[in-house]
Structures are given as C-alpha cells and as structure tokens.
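Following this line, the structures themselves.
Each of the two complexes below includes chain A, the first together with chain B, the second together with chain C.
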Partner chain A sequence: MTLPDTLEPASQGLQPTTDFEAKTDALGPERATSPLSTIRKYYKIFRASLVERMAYRGDFFFGTILRFLPMITTILLWRAIYEGSGQQSLAGFSYREMIAYLLLTNISRMFSSMPGLAGGIAREIREGTLKRYMIQPVDMIGYLLCYRIAHKVAYIVTSFIPYALLFYVCRGFFDGLPDAPTMAAFFLSLILGFLIGFFFEASVGTVGFWFLEVTSLLYIVMTLNFFISGHMLPLDLLPEPWGSILKFLPFQYMAYFPAVIFLGKIKGAALAYYLIAEVFWVVFFLVLSRTLYRFGLRRYSAFGG
Partner chain B sequence: MAIIEADGLSKTYRVFQKKEGVLGSLQGLFRREYKEVKAVDQVSFKIEPGEMVAFLGPNGAGKTTTLKMLSGLVYPSSGTAKVLGFTPWERRDAFRRRFALVMGQKNQLWWDLPAADSFQLHREIYSIPPAEFKATLDDLTELLGVTKLTRQAVRELSLGERMKMELIAALLHQPQLLLLDEPTIGLDVVAQVAIQKCLRDYHARRGVTMLLTSHYMRDIEALCNRVLVITHGTLVYDGPLSGITAKFGQSKVVRLQFADGTIPEHLERFGEVTQRDGASADLKIERSKVAEVLGTILDQHEVADVSVQDPPLEQVIARVFEEGRKSHDAA
Partner chain C sequence: MLNAWPTRYLRLYWNLGRYTLNRELSFRGNFLVKISVEVLWLGILVAFYRTVFARTSLIAGWPEDKYFFFVGCFFALSGLIEALFLENCNDFAELVRTGDLDFLLLRPIDEQFLISCRKVDWGSMPNVLMGAAVMGASLYSMGWQFDPWLILIFLVMFACGTAIAYSFMLALTALTVWMVRNQSLMEMWWLFSSLARYPKEIFNGTWAEPIGVFFTFVLPILLVVNVPATTMVQALDPKMVAFTLVATLGVVWVSRRFFQYALRSYRSASS
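Entry: the complex of A and B
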C-alpha cells in the first residue's frame, strides 16, 4: 500500500480570509464589491498562496519520491496474492489492472487529499487565529479554498516529473491511454473529487468549535477514509452488500471512482449517473461545511472568542 | 456622530469548574459545574472622531473583552454598541472595511514570506485601488523607517520590526478606527518609543480614532489624553489622565528642605516619611490636611524650600486597582 496522505507538506496555518456575501452599504466610501472584484480578490489570494507554497518546492520533490517506495512492496504483495490464488482475475481485476488501479488511486488522492486542512481549521479555532477571518472582510472557507487550490497546483506541478517517471516505468501495467471522452470524465471526476475532499475535510475541521481536542477524531477519519475510499484496494473486492454501500457513499469519489473511469470499468449511463451523484455530494458538503461554520462562529462569539 | 457608542455593555462567561484529581475529571464527564464570571459589567462610554483613548486596568479587568465586543468578535450578554454606525457583532463587510484591530500578541502576517506579500494580500482583501495602496504603503514604511525591510521574510525580523509591519498591515486600508490591544507588549524601550511615535504621527496626519489598551503607563502618557479605567468589569473612571490623581489620590507628597542642614527628629508625627536624603525629606500627608500640617511645620522649623506634589501616577492607579479588587471581593 502507499502511505496515507501525510507526505504532502501540511499547510502552515498562517493565512488570512473572504466573503461570499459581499454586502454593500450605503454608508461611507464604499469600495467596489461587484462579483468581478470578489473573484479578483480570491484569485489574488490564490496567487499569493501559490508563491508561498513554491517556497517549499524542495520539500515537495523529495516527499513525492519517497511516496513511491511503498509502491514496490505493493506490487510484490499483489503478485504473491494473484499467484497464491491461482486465478487470472479477482473481482474483475486482472493482476495488471490491479497494479494500474493502485497507481491511479495515487492520482485520485493527489487531488482529493487535504493534508492539514481539518487540523488547521481546528487549530485556528483553538488558538484564536480564527479572529482574522472575523475582522477582515474575507470568508474563511473561501480563503482556504483558494489557498488549497494554490497548494494543489504547486504540488501537481512540482511532482509532475517524478509521477511521469513512475508511470513510464510502470507503463507495462496499462493498455495505453483511454479515449478522449473517458479522459475528460476522468479529469472531471478528479476536480469534483478535489471539491468533495475539500468541503468534507472543512466540515470535519469545524468540529473544533465544539471539541477542543480533535486529533484522535481526525486520525480515525483519515484511517477509515483510506479504506472506504478505495485507496487501499478496489471496492469491488469487498463482499456484498459492503461494496455497493461504499459505492453509494461520497468517499469513493476521493480514490476509487477516478481510477475505475480511467481503467474503462465504468461507462455510459453508469458513468453519467455517478458523475451527477458526485456533483450532488460536492453541493452537500459545501452546504454542510458552511452551515457548521456559521453555527460554530455563533457559538464561538458567545463563548468568548 | 460618535465613532463608538457603548451603552450598558455586559459580558458574562460561563466557566467550567473542573474538580481536582482523576475522580473529579470523571465526574466532570457526567455533571459539570459552571461558574458565571462577569467579565464586563454595564460599561457605557462614547468616543468622538479623532480621539485617542486608553483603556487602563489590571489583567482580567475586561479590557480585552470590551475590545472584542467592539470589534465584533464576541456577542455581549446584554447592552448595545454602535461602532462607526454599525452593530459590530453583525460583522458586516462594510464595517469590517473601516476598522482594524491590532493585537500585540497575535500576528497576521505570513511568517515565511516578506511582509510586502502579506500587504499585497491585504490590498486584495480590502479591495484597495493600486495607486492609493502604493501611496499609503510608501507613506507608512517611511513613517516607520522600514522601507528596506518589506522584502525580507517576516520570520527574520526583530520583534519591534514585526510589530511595525503589523501596524502597516492594519493601516493599509486606512481604517477610521484603530483598536490596539497591547501594541507594545514585549518590546524594548527603544521599540516602544518608536511605535508610540508612529501612532502619534499617524494620528496627527490622518486624525484616525484610536482606542488602545496597554500595561505600560508610558504608552498612555505619550499617546492619550483621555483614559477609561476599568476594574473587574466596571468602568470606574472616564476622563483625562491627570484627573485620576485628583479623583483617587487621597494624599500629597510634601518635599521639605531644611535650612539648618539636618532633618528634625519626630518628623513622623506629621505624616509618613517616604524618603530622606541629607537635609530634605518627603512627607506623605492626607490631602485635606496639607495646609494645616504645613503651617505647623513652618512654624516650628526653619525650612529653606518646600514643594507639594501628587504621588506618582502609577502608585495612584495601583491603589485604584487594589480598591476595586477589595470592593469586588466584598460584594
């Protein structure tokens, strides 16, 4: 198995904020708060964050290379399993497909993993640095989203070469690239997976408003997610009804779903159905995180800030 | 229109009382006992545009809680406040664009980046037009003498330099109201004076309204002509700094220089002798009796020089705090 997503450097937790509800007011010299300027504002936050993240590029590079080492163990392990079982295919996955799947979940997690996000939010609540989002005309979740996108872009750019190298070395496990529509669906699922990962972890982080200590909760969530997202093994390998239940839940979009799209295991109507469900989950977690944040802030302000 | 109008502001916190030991912790899981703590109790005041006002009070008196209510971080338990015409805890964007809160113990700048990058981010967050931004920034960096330091990573700056950068960040959007919580905490005297000077100059130039808390009397003497004294959540004094002595100083210090070069014996019968130095002595005398006692002394002794002074302000304020504590404990 590859390691859970701990090697991507965690965010440093020193970030300012944004506002979804940029209100204008008749009083005083109002500066432009049109949607366009709001977008600009968040774009600039993105850019500033990108500069910050690039300061850690050396860290990224070595972190990425280290990630690949456990892959060798994984390949050997699955070879032993297939040889031991004496079967050509397990739950519809051939040995080559299995290795390809596990390589692809690394790509999924590259988008959907959010190291330090939930913990960072909880820490800002505990240490009171959350105040800056309350004082400045900027919304925390919007701000963190921009910061995270920048973080991801920096990460993907810096780890492109090592990843390309890895896939080149492992090209024997793949039957070339899938066709263009499949590739498009694959990328769409990665981006939606990023959003699910972000808003899910943001929701988890807001638990810090109610409980001061959240590290053990975060550990449980992360470990569980490693399994139920299909990062460890394809969900099809699980006995029914578990496989179907997990495919109904939002977590599969963070690892399993993009990988099986790429392998051509989901097509046509089923693909469309799952993509629509994925959009639904994005909206679900977006609303959830914002609602929790709003109630959390109310509680925070009542109990002393 | 007043910049700040606080009317009967109160804040009561519910504090969880943990019992001692393991057994106590276990009990706490099931039944929790809370104590109500009145951090701020019926505080009312008004601050007019352009004023520089200081909040004075011992630790835990409610200064920071009041600042938090005025900046919208905390809801009051009762009472109302209007800041710049807004109710602060609604946290409207228009309100947040017009004030700044600087906390000496918290930093807002990005640790690993030059301050200039954080300033850029502020520019975006507050949507400051580029030309205006540049003018304000040049102005402020020059005022604080840090023009050359803005390209250096914040973590490499000294504490004083960092505080200056924090101030610049807070002033970039030209707030109409500046709330400062312990802006000079932990700084050496030179840096303290530099921050004071900056605040004074900036005030003179822009006429911004300022409300600050500080433990350092020097800050307050240097900056504010109006003081709000708060002890145990209650506002006990609102007026000029010098007026504190008039209101709370119950005694005067009389310095006597004796003509014959020695301090006469039994000087203690006139009052407490706080200092002796050669032929001169300081005598602490109750305010109402100064004239009478001084008359007697002048009758009986040859006095070369005499002066009547108020006791040092710090002592008076320490007394006010102390009495606040006693009356609070008694109640």
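Entry: the complex of A and C
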C-alpha cells in the first residue's frame, strides 16, 4: 500500500487538470490551425490523465489483487459443472476451452468497459459544466476519447504483470498462442471493441440532454450487457434463437467475439464477416453519439454557474 | 445509564431509517428503476443457472432445486447487506479524503455505528423479498416439509452470515484510511464477496481445498451463505452451526478493533 504523494481531489473523471489548461493556454491563439498543435494538445490531455491515474497506486494494486478472486471461483464453478454433467464438451467448448474463454473475456472487457463515461457526460450536462467544451477549443468526445485511451493504457500497463502471471499460471488451459493472422484479428477486435464500448457509452451519456437522470438507464444497460456480451458464459450455450440473436447485436463484441477469435472458433469467411460487422457498429455508434451530441447541444441550456 | 444505551441506539436507528425512507419516497421513480434493475439482475442469475442446469443435473453435489435455494439465499443476504451498510461504507472514502469525517467523529455516538449505519438504502430491501421468493419456490419444488426449528436455525445462521459479511465490509472500509482513494469499495466488495457466491463444495482438489479451508476457518467469508443454505436444504451440521456462532463473534470483534485502529491513523486532511 502506497500513500499518495498529495491529497489532491480525486478527478471526477472528466475535469481537465490545471496542467492541461495552463499548457493549452500557453500554446497561443494559432493552436487551432496547425494539425501538429492539435496532436500536441491531445497528447497533453493523454499525459495529464496518465499522471492522474498513477497517483493512487495503493488502491489500484489492492483492487488488482482482489480482481483475481472471481476468476478462481469461476474456474472452480465451471469445473464442478463439467464434473456434474459428466461430459467432455458443452456446446462445443471443452472444460479447458471454457476456462480459457472466461479468462479471455476479461481481456475483452479490459478494452471495452468504460466505467463512469456515460454517467460523467450526463453529469456535465446536468450541472452545466459542459459549456467549457464550447468555450475551449476542445471537442468533448475527442477529449474524452484521449482521456479514456490514457486510462486504458495506464490500466493495461499496470495490470500487465498480474495478468501475465495469471495467464502463466493458467497456461494449461490454453494450447499456446494462435497463429499470427489470428493474433492480428484478435488485437483488431479488441481495439474495435474498445471503440464500440466508448461510442456506445458516449451515446448513452448524451441521452442526458433529453432526460436529466440517465444513471438508472445506465444501470439497466450495464447489467444487461454483462450477460448479453457473453461475459458470464459463451453465447453458444444459450438455447436458440437467443444465441443467434445475441450474436447479431453489437454487445457480443465487448466480450464474446475477441475471446472466440483467440480460441480459433471463428475462422475464414465468418471471421471476416464479423469483423466487417464490428466496423459497421463502430461507425454506427460514432455517428449516433455525434448526432445525439449535436442535436443535444441545441436543447442544452447550460444550467449552473 | 447502561440500560438506556441499547434503547438510545435503537431509537436513533429507527429515526435514521424513517428519515432515509422519506427521502427515498420523494424520488419514487428512481426507487422503481432501482427495483427493476434488481429484478433484471435476478433474472440474469436465473437465466444463467437455468442454462447451466440444462446441461448438467448437479453442481458440486447440489441439484437444481437446492441450488436455487442457495442462489435465493445469496441474493437475499447480499440485498440486506447492500440495504444496510454498503452505501455507508462506500461514502467513507469521500469522508476521509475531504476531511468531513471530523464532523462525524465529533458527535457523541459510537463512530462505527454512525459511519456504517447512517443510511438505509431502501431500494435494495426488495432484494431480500425477491431472494426469499426464490428460496420459497425452491423449497416448494423440493416438496419440503415444514419444520419450525429448522427455520429458526436458518434465520439465526442468516443473521450470523450478515454479521460476518458486514465485518468484512467494515475491514475493507477501514483500509480506506491508508489508501485514501478507495473509491471502488463497491467494486472491491463485489470482488471479495464473489467467494461467498457459490457452494463451498466447489473448493476441492489439490490447490482449491486449502483456499476453501482458509476462507472457512481463517477469513470465514465462505460461511456467510453456505451455512444457512446448507442447514436448510442439505444437512444440518451442528458442529458447523456452533463454529459459525463462534466465528461471528470473533469476526465482529476483530473488525471493530481494526476499524478503531484505522480511525486512530486518520490524518484529518484539510481541516
């Protein structure tokens, strides 16, 4: 457990830090014109967010340790299920594949989950702090995307060692690494999964322009997502037509899809088809969030001081 | 003076409960949405286990009807913990970080009571009823014979389970004093309580058994749902019941001491 160096207020997830504000001010009025300064601007946002994230290491590492407990119980539960069924394979998944799948969905969720994003946007709308994006030369969704990437990078870097250890301990559940094209498709699906997660939650957050209270809607969506994304069990186990319906929806890309790519369960034309569908969903939610934002701004009345 | 002590706290708790209920009822829409989320969550749990039991008839010696009693018991118990303590403990991090904890420490009431029992989250209370409904349905499908003694023992074990779970939550809360930004207490609790979510019979085999023994006898989180559920639908084990009673007293005492120790390390920032 490490004590934080300072007792500065914890970020509410969306406040640009003073560091960032000071530096963008110092960039001068020409900053909006050059693409290089735009990159520099978003790099500063990225850096400040990364520093903020690393300030509370004790909390972070303790949380990471606890994060392994559900994995242990999940492995034990599924072992009991396979022993109880007396079968080698359930819905095409052997016991080893099932555990590998459930471990891999954690990697998928590491990319696609966006804690606090939609709630944060809704709060900015409700409290009126959103207006700073209209005054400052920063696009809200662009800013949030940089902020989120920084947090994800910090999260992935700091949890690399515990995760590497976990996968090393659980290596018996895997048949080694898949071939290079499969790995490439796996990483691509993770990055696209991150984008779907981001733009999907941003869309939910911008609903706050119309309904001031969206946290309840958010809870319902997130609870449901836990199941329909395949985080709890592979969608193949569900009775038809549910399995097919859920594979048609965008939520499977947040947990199920990357995991089954890694396990080599989707190959060739089917893989290409689903990747194209995933790109479609990214574009769909990107357009949706931007459209909702633009229409929302017309209704926005900047409450608060 | 000493006699007045419990009545004073009971009266205080009664008033705190009434106050939070009034608050909750002034946001009725929110209350209804909260309940629908919980119904949804229970529905997901049922869907999950129905899917699993479509492929197997037994999980770690638990057939489907008995297993659903376990699920109902877990749901009711965690609903009770959420209603009574989770929100309070979750707020603690913010009190420490801002230094507002000072205002609570200055009041002439036991700190642990004030910090961990200040608010009742009535929105989680229906979970207890929903869990009870699942348990009832499970007993019905088992063709259970009514036995008042067994129900009494079950209720006592359920209360012990709640007290043990509360003590662990209190200990996790106390860690906040040193870690300052423990904003994810809710998540930490969710992760830690995952140990109590399944029958303890799943902890078998070379590496899992020591883990099961550790979390039964050293940090007895596994007793929380397992003992009441096993007592009711599997077999009454008097030794385990007695051990749970002793363990409850021990864990409550240790967590209280740990919490008080943590409060002594509180640095009262920003005041």
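The rule we apply is simple: the second predicted complex is superposed on the first by the 267 of 305 C-alpha atoms of A that agree within 3 Å, B and C clash if a C-alpha of one lies under 4 Å from a C-alpha of the other, contacts with A are read in each partner's own complex, and residues count from 1 in each chain.
Basically, a residue touches a chain if its C-beta (ideal position, glycine included) is under 8 Å from a C-beta of that chain, and two chains touch if they have at least 3 such contacts.
Everything quoted here is computed from the prediction, not taken from an experiment.
J.: Who does A:E213 touch here: chain B (first), chain C (second), both, or neither?
T.: Once the two structures are laid over each other on A, A:E213 reaches chain C alone.
J.: I'd like to know which partner A:L224 touches here: chain B for first, chain C for second, both or neither.
T.: second
J.: Check the residue A:D179 against both partner chains and state whether it touches chain B (first), chain C (second), both, or neither.
T.: neither
J.: Just chain B (first), just chain C (second), both, or neither: which does A:I45 touch?
T.: After superposing on A, A:I45 lies in contact with chain B but is clear of chain C.
J.: According to the stated criteria, A:I72 is in contact with first (chain B), second (chain C), both, or neither; which is it?
T.: Once the two structures are laid over each other on A, A:I72 reaches chain C alone.
J.: Go through the superposed model and pick first if A:E240 touches only chain B, second if only chain C, both, or neither.
T.: Touch status of A:E240: no partner.
J.: For A:G128, decide between first (touching chain B), second (touching chain C), both and neither.
T.: A:G128 sits against chain B, while chain C stays out of touch.
J.: Who does A:I81 touch here: chain B (first), chain C (second), both, or neither?
T.: Touch status of A:I81: second partner only.
J.: Just checking: does A:Q136 make contact with chain B only, chain C only, both, or neither of them? Give me first, second, both or neither.
T.: first
J.: If you look only at chain C, which of its residues touch chain A in the complex?
T.: Where chain C meets chain A, its residues are 30, 33-34, 36-37, 40-41, 44, 47-48, 51-52, 54-60, 97, 175, 178-184, 187-188, 191-192, 194-195, 197-198, 201-203, 205, 208, 211, 269-270.
J.: Across the complex, what residues on chain A touch chain B?
T.: Those in contact with chain B are residues 12, 14-19, 21-25, 27-28, 30-33, 37, 40-41, 44-45, 48, 51-52, 55, 128-129, 131-132, 134-138, 301-305.
J.: Which stretch or stretches of chain B touch chain A in the complex?
T.: 13-14, 39, 65, 68, 71-75, 84-86, 89, 91-94, 96-98, 100-101, 103, 106, 108, 110-113, 117-118, 120-129
J.: Where on chain A is chain C touching in the complex?
T.: Against chain C, the touching part of chain A is residues 1, 3-4, 7, 9-10, 56, 58-59, 62-63, 66-67, 69-70, 72-73, 76-77, 79-87, 90-91, 213, 216-217, 219-220, 223-224, 226-227, 232-233, 237-239.
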